[in-house]
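Have a look at the structure that comes next, please.
Note that the chains are named A, B and C in the order they appear, and that numbering of residues resets to 1 at the start of each chain.
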Amino acid sequence: MNLPNPETLLAEITAKIKTQLEFNGLTNTALVGIHSGGVWLMNHILKNIKLDVPYGMLDAAMYRDDYAKRGLKTEPKPSNIAFDVTNKHIILIDDIFYTGRTTRAAMNELFDYGRPASITLAVLINRGGAELPIAPNIVGAEILLKPHENLQLSQDNKGKLQLSLENKTLETNNG
Amino acid sequence: MKIHIKNGHLIDPKNKIDAKQDVFIVAGKVAGIGKAPDGFVANQTIDAAGLIVSPGFVDLSARLREPGSEYQATLNSELLAAAAGGVTSLACPPDTNPVLDEPGLVEMLKHRAKLLNLAHVYPLGALTRQLEGKLLTEMHALSNAGCVAFSQADIAITDTQVLWRAFEYAATFGYTIFLRAEDYYLAKNGVAHDGEVASRLGLKGIPAAAEALSIASIIRIACETKTRIHLCRLSTAEGVELVRTAKKQGLQVSADVSTQHLHLTDMDIGYFNTHANLKPPLRSMRDKAALSQGLKDGTIDAICSDHTPVNDDAKLLPFAEAEAGATGLELLLPLALKWATDNKASLLDTIAAITSQPASILGINGGHLSLNADADIAIFNPSTEWNVVANQLKSQGKNTPFLGNLMLGRVYYTLLHGQITYAYQ
Amino acid sequence: MVNPQLDAEGNLKHLLTIEGLPKRILNQILDTAETFVGVAERDIKKVPLLRGKTVCNIFFENSTRTRTTFEIAAKRLSADVINLNVNTSSQSKGETILDTVDNLIAMHADMFVVRHAQSGAAHFIARHVPDNISVINAGDGRHAHPTQGLLDVFTVRKYKPDLHNLRVALVGDVLHSRVARSEIHALTTLGVPEVRVIAPKTLLPADVEKLGVQVFHDMKAGLKDVDVIMMLRLQNERMSGALLPSAQEYFRTFGLTQEKLSYAKSDAIVMHPGPMNRGVEIDSSVADGSQSVILPQVTYGIAVRMAVMAILGGGSIGGGNAGGAV
């Protein structure tokens, strides 16, 4: 399968996020990236839109529903939401949308910081397979994948994004 | 009853026999070695081909838990264990409940042991009443009742005046005093050798010097009062050295070491294994090596099991709260043999340390197979392998740091004055 | 000998002592603790990790302070908490430790936090619980107090991140201190090159240098050029007797005053596991001074205990085929 160029997709969602930002008003909106891919994307977006908008990071590990099965990841990353969440329009950014469970966990975590005015979900790719009534609002591309296929976003030390697809047993991406 | 033990390899240290010899028993006594007495016709023949025939073992310390601690073990269970271990004579310390400080208690114990007829039981009388270290016991009466020596078990006499007088009084009658040397104050509340392991585990230590300090006083007082003393359960290098020096000076001193201390160190406490909670505590590698050397060069006269059956409840506790001690009668032979192998000691010398030498310390006529001696005999295979498994031990105490270990050497038959008290199945 | 703290895959199963834990596990706990530091600053100071689990604080030795920090940690993880103070009187009625533990197992507790006056008690309990229960040692005799050791190195790491370039001194009653033992193992495992102990000879255990420390009996020499000073608590009953003549003399010789603090590096931090004896092991001006990080220790203590519970509480159903991706 030919994978799209992530930089192209990034440009696409950046434009949509910028529109959304302008619609909501800069002071009322904040970006939140989900570790790790979502945070990379957010950092690129912040650099590109050149707007002074509050932002934060989430590692929803503590809110995941598979903790009892998998425990904590060996390298947890701290959540950092330095602004007041209450009454903010939050644009939640993740790399790949799949079952919707990470989004659910991230939303739960967000609510423990305060009551946002709204949450918009932006993702680079929706690979299909949602298990919850959750769908992304801003999508770079839709690519339907089989359960054994694992799509991953990576970033090299120069900040270049890359997508990779591998066949594997049902072990999952953590995004 | 006439028994012929044939084809066995006889080891009788006292008579310096280490050869293939048949043994002939008539009416519970040794009636012939190598050659049958005139007119001998066996009622029973034991084929000891491939086996070693030795005097029954003599153990200098086995707690039988009677009277007073029958929940831990009974005379019956522990004497069955003795028979299974090839032990035909054993000394039991006076720290029973009540303490063996009254002739009546000693007579009762002797009587009950005799009825069971599984091993000769030699009580050690209490040196002081209630072992309190204050008032002397009626040693003469206790001796008449059957005590072979006097002891304080694990309880030190802190008052040196009392210790001195107890020595003098015992020496009046020529009694031997058995003492485990440990300075009371240095050892107070301690549960492990004071060294790296105790420091890591946060266990209160007993410095090695606690033993040396006490041995030095005991030897000095014994020298002044001309008392025969036996030092029980040596555990330290310094202790061995002090005994060595005392022996060179011609003092009447003997010493023993337990099978546990010959083979284990404080490292064996591992993660708070309460089976390794012993008195004295398991000590360092250096101490263990010195004990081995002491046994080899004759500074230490005897190996004992220091048999102390403890029930599970008393071991299922945090280390320092657990009761000290290990069951040992059934492990005496294999652990003595293992020591011999590890240290290239001769079988004759090793068997001496569990037969003739402890017998001479106790002053009993045993531990040898001279003509007309009691036919107390252990017949064993030194290379039979077996695992120490709790429910296969005859002793009611399943507590030993050797649980799960492979042993080499198994008793096949035990005879007590010519009667088979144990046969290996 | 199998390390009773790790499962077959090398993951943390119980936390009983720092000694013998690989550096990887210590770092996992410390890194996880970082993620919990922020939780206390949110509107809702709770995460749902241990929702539906029951954490049982079994304190055979009373300590409101330590019990409270474990209780807060468990509650911030959404666990249900049972506190049980087993005083020695009910023990003397014949109920053994195992009786107490068996009762709690029957009540379906998932995690035991145990404190006991005897060294080895936590190991003992860990040996007797079923596989699905984890035991956290909250202090056993003189042996170990691993969460305290961990929170202390967590605090050190916060202020002095380059652990490979530190000189740390522990001052005071090492002999009776489970905190000292845990701190020493944590520091040496994480690669701190120089750990010192400073104490009178009566307060040092035998062969203490074999734990990997340098021994000093003088504050001036011992504190010279150190980056971190960890004070140890001196129990009241040990202040005068055969170990020390008096609290006053101890303060003069080993108490941390501004003057003695000046022997250390000028940016050295001062720690104390609490509760402090002001004027005995530490002067108030030092305890409350600018180099003191004693209160941050308390704050970080909760994050570290949350991290330990979160690591022990998860993954118990078995990893592998972990269902749907997220």
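Just so we're on the same page, a residue touches a chain if its C-beta (ideal position, glycine included) is under 8 Å from a C-beta of that chain, and two chains touch if they have at least 3 such contacts.
No experiment lies behind these values; they were computed from the predicted model shown.
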Chain occupying the middle, per Cα centroid: C
Chain pair, most C-beta pairs within the contact cut-off: A-C
Looking at CA centres, what chain is most distant from chain B? A
Quick check: how many Å separate the C-alpha centres of chain B and chain C? 45
On a C-alpha centroid basis, what's the spacing between chain A and chain B, in Å? 75
Distance between the centres, which are taken as Cα means, of chain C and chain A, whole angstrom: 38
Spell out the residues on chain B that touch chain C in their complex, using ranges where they run on. 194-196, 198-205, 207, 270-272, 313, 316-321
Where on chain C does chain B make contact in their complex? 1, 4, 19, 96-98, 116, 118-121, 123-124, 128, 140-144, 178, 181, 205-208, 210-211
Complex interface listing, chain A residues touching chain C: 59, 61-64, 66-72, 74-81, 98-102, 105, 108-109, 111-114, 129, 131, 150, 169-175
Please output the residues of chain C touching chain A within their complex, sorted ascending. 11, 28, 31-32, 34-35, 37-38, 42-44, 46-49, 310-311, 313-319, 321-326
